[in-house]
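There are structures below to look over.
Both complexes below contain chain A, partnered by chain B and then by chain C.
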Partner chain A sequence: MRAGQKLGLILLLTPLLLWLSLLIIIPHIDLFLLSLRERVGVRQYETGLANYRTILTEPLYMVTFARTAMMSVLATILTLLIAFPVSYYIAKLVRGRARSVLFLMCLVPFWVSELVRTFGWMILLRESGVISGLLQWTGLAAGPVEMLYNDAAMMVGLVYTSMLFMVVPLVTTLDSLDDAVIEAGYDLGGSGPSILREIVIPHAMPGIVSGSIVVFMLSLGNYLTPTMLGGKDSLWFTQMIYSQFIVRFNWELGAAFGFMLLILSSLIVWAVLRLTGQTLEKTMG
Partner chain B sequence: MTTPLPDLDCDALTKRFGASTAVDHVSFSVRAGSFFSILGPSGCGKTTIMRMIAGFLEPSSGDIRIKGRSVLDVPPNKRPVNMVFQHLALFPMMNIADNIGYGLRRKGMTKPAIARKVDEALERIGLPGIGARRVDELSGGQKQRVAIARCMVLEPDVLLLDEPLGALDLKLREHMKVELKALQTAFDTTFVYITHDQSEALVMSDTIAVMNAGRFEQMGTARDLYYRPQTAFVAGFVGDANRWQGRVARAEGEALEIKTDTGLMLRAASPGRKLTVGDRAEVFVRPEAIRLAEDAAELAHFDTRISGHVATILFNGAASRVIVTDPSGADIGVTLPQSGEFAHLTRGAPIHVGWSGDQGNAFVMTRP
Partner chain C sequence: MIPTIPQNPLVRVVYGAYVVLFFVYLALPLTVVAVFAFNDSQFPSLPWEGFTLGWFFGSEPPMIGVVHEGPILRAIGTSVIIGLAVSALSVAVGTTNAFLFNRYQFRGRGLLYVLMLLPLVIPGIVLGISILVFSSTLANAAWEVAEIDIQALRPGLVLVILGQFSFVTTIATLVIAARLQKFDRTLEEAALNLGATHLTAVRTITLPYLAPAMIGAFVVSFLMSFENFNTTLMLVGSDSPLTIAMFDRLKLGSTPLLNAVSLLLMLGSSLLALVMIAFQRKS
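Presenting the complex of A and B:
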């Protein structure tokens, strides 16, 4: 490689390397070191695994994590179930202008911040909100109905927030499926469900897996939606990290929480990839 | 003895897309076990016919009968026809055996029976033991055969082929032509083949329909189309031909004398068609029907003789051509005899060409 080319490559890579090292790698190393610190007295610290021991022995922490993971899996499945028909419709059934319009309609909500979108749901679902008012007006409900601050409302918010991240990879993979292959399926005697099972879903698998990973990670790491739409019982793991850092000022335990979240979510993604026979290169490439 | 029912019978088949008519009252029937081709330029409506037979498009009017029964109400997955797609459309997510067994699985056949039939089919197409391979590991010709086998295991009444050789390179295409014909004989199934490549149609078909602008121009054997074209389109589309436009100067029954727009006097025939003096006419003469001579006296027995000089020699082995420029400056393509007598021919050399009047095919020009 000539010196000029080498310099160009370095210059091109510099922003990426800076971003990776300054914002991802260095904070994580710091976080990891922090999580290994045990407080033994006032301003007295020792290195050890006490924080991790606390997490594993205190049921509330593990239960909250398990609950967060289960809810995130559920949100991912729901998002997939809703996004798949939508994506199939956009990628295969509409043509030309209508197609870009529909795609844009999926995108437009993401031009406003997540906070505003979540407020939108609060306006709809709250006691004095639109749906409650509608129910009373039609006589279906006698008094105001509170639909906020429960797991269902939170799930609605999570699915809504994640839709786009499922639709985009699905549309891309479904788009690459040749229409003739679907027609060949029909021609050879296949019915709608069998073609979906044997042809469309196997083809869309990389898109399904990559969309699911993104949605799962986003849900797991979401703070805003569970806080605003979830109820007293809907404790989310990120809220616990927040409370350790900000409320309890126990940075050591908070850092250990953060690391547990990283490790456990990576394990879940790895397990899903193994189960579906996909590789990270195939789904992300 | 009654004639057996045709395998496929299309009756006044019509398909309109909005205001345009893609297929216009096309009727034909295909004898059981024969190889039928629809030959036409792209956009002539041949794919539309095929998709209607397969069931992916609904005809605007007309009927499609397979073995005497109308299939208009039958969805594509229940029709006794199968289709080999232009780009084959093998299922990339399955291996070869699963591809071929797909239709059998849909029929609810047992696993051992499917495995046996798949092995049989692979044997038949000359690719035994490749069942476990992936689609993208096969060559173009192998994929082709797998695509046919995938349809043939279902024992369809009619196999539709939509320009399946289009994606192959020339050498392989030549080879697959012969192979397709052999497969058709081996499976003894009715093939309906659509193509824009006349050589594919001429080589393989029992019957060819030449299609243009939504209609069948002519239907017949390859020889019929080549030697006895009934329309100017067929004469120009099937095989090569020199073409002149002019006006009929003299007509004696089917023998005509035509004065071309460039001022030549040509003799021509119009078998089965009536042309009268003053009609605008188009004359087609095949390059191989024209004789070359260096001495005009050799051509004395031909009633059409033109003198000119050699413009170029297009060497292409047995299909070599001489382009002769006539006095008016127009080019005439003549097949170069390979007997060696013209081996020394050079550019600009004076040359004489001639042909007998019945080799010139004259048609009334539909548009001036």
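Presenting the complex of A and C:
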């Protein structure tokens, strides 16, 4: 490597390394160290696993943790099931201008903030809301119906808010599937379901994986939707992190919560990548 | 199921209906938010009390419109400042990252690339608290060592900008790297053959070629910053950006003022996106 090139490499490496070390790596190490700190007296600390022990032995924390994980998995599966037919329709069944318009229509709702989208669902679902009003008007319900503040409302919001991140990778991968391959499948005697299983889904796998990972991450880390649409019992793990940090000012325990969330999400991302034989570079990069 | 293969008409109709239903589902929440911005009532809900523009231009209580609502206008200003700063930083670092991964083979390149992608799979709230913890560690250390109180390291504008920058940069890098990958390097070599220095070649040939991607990355970064909630929530100080300000109001109960702000947001981001698409098409 010539001297000039070496200088160029160093100059280009500096911002990357500063960014990654100061804003990503060191803060996470610091977070981990904080989570290992236990308060034994006023301004007196010891290193230990007490915070993690507290989490493991307190049923409310563990239940919330498991619930958040399960609900996120459910939201991911629902999003995939809803998005797949639509993505296939856009990628394979419409052509030209109609196609770009449909694709654009999928993107539009996500140019506005999640807050606005959640607000929209509140207006629709609440007791004095549009759907309740519609039900009364048609006579399907005798009085106002409260549809907000429960798990179903929260699920609707979670699926809605992550839809884009499933549709875009699915359309992109399905688009690269040659029609001739599907025709060949029919010529060889395949039926609709068998072609879907043998050709379409394997081909779309990278899109399915990257979409699912992103949707899962977004659901797991979501704070707004569970807070605004979920009920008193639909506690979300991020809400516990928030309350430890901002309300109770118990940063040590909050840091342990945060680290558990990070581990859970990394584990699931890793497991999905392993199971499907994909890599992070291929699905995200 | 593709157009060239004949299909049972019933299946086709059901499939079409499903797709229509999907788009209704997508459009519904935004439509009601927009419509109720014009409701002449104190609540963004039924019954419909008549059409008004009061929630945009009203100047007297109980109907103070967006244009006369100081806190909301200030929050929009804060969001714009944060967005511009985050976008500028992210595009700058994203460009250097793109060049680094495109032009250099070095030990640890693969590892660094994975690390570069990592912010995409870290929950935003964890990213927020880790930066909050680290900055307060630094601030406390500065206080203990030299009795200096570094305000920038306490929750506030600077931390919000750094927090958003920490993950928006990954997006900017990917957008810019995608275009750099398609660049024909012989163009640069031609410039070198004609006597240009390396830097001149990059400045006059490569960067103009990259410009659409850089502008695209700037707009995407701005929108992501403007919309960000999770990371911002953990790092915000006394001057809230718009999403946080709206969240605080929404918790107290909503008036159609929030619908009016939301509608303006929708128009603003659509406009921005259209400008970007038009620009992309032209180049």
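The working rule: the second predicted complex is superposed on the first by the 262 of 285 C-alpha atoms of A that agree within 3 Å, B and C clash if a C-alpha of one lies under 4 Å from a C-alpha of the other, contacts with A are read in each partner's own complex, and residues count from 1 in each chain.
FYI, a contact is a pair of C-beta atoms (placed from the backbone, for glycine too) under 8 Å apart; a residue touches a chain by one contact, two chains touch by 3 or more.
Quick caveat, the model's predicted, so the values are computed rather than measured.
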| item | value |
| --- | --- |
| Which superposed partner A:261 touches (first chain B, second chain C, both, neither) | second |
| Which of chain B and chain C A:220 touches, first, second, both or neither | second |
| Partner chain(s) touched by A:111 [first = chain B, second = chain C, both, neither] | second |
| Which superposed partner A:15 touches (first chain B, second chain C, both, neither) | second |
| Chain B versus chain C as contact partner of A:186, first or second or both or neither | both |
| Touched partner set for A:74, first chain B, second chain C, both or neither | neither |
| Chain B versus chain C as contact partner of A:202, first or second or both or neither | first |
| Residue contacts with chain A in the superposition, chain B compared against chain C | C |
| Shared chain A contacts, counted only where both chain B and chain C touch the same residue | 183, 186 |
| Chain A-touching residues of chain B, taken from the complex the two chains share | 54-56, 75-78, 82-83, 85-87, 89-94, 102-103, 106-107, 150-151, 154 |
| Residue numbers on chain A that touch chain B, as the complex places them | 178, 180-181, 183-191, 194, 198-199, 202-203 |
| Sites on chain C touched by chain A in the complex | 1-5, 15, 18-19, 22-23, 25-33, 36, 43-47, 92-93, 96-97, 99-100, 103-104, 106, 110, 112-127, 129-135, 137, 162-163, 165-166, 169, 174, 198, 223, 226-227, 229-230, 233-234, 243, 246-247, 250, 254, 258-259, 262, 265-266, 269-270, 272-273 |
| Residues on chain A engaged by chain C in the complex (per definition of touch) | 4-5, 8-9, 11-13, 15-16, 19-20, 23-28, 30-31, 34, 82, 85-86, 88-89, 92-93, 95, 102, 105-109, 111-117, 119-124, 126, 128-130, 132-133, 160, 163, 179, 182-183, 186, 192, 213-214, 217, 220-224, 228, 238, 241-242, 245-246, 251, 254-255, 258-259, 261-262, 265-266, 269, 280-281, 284-285 |
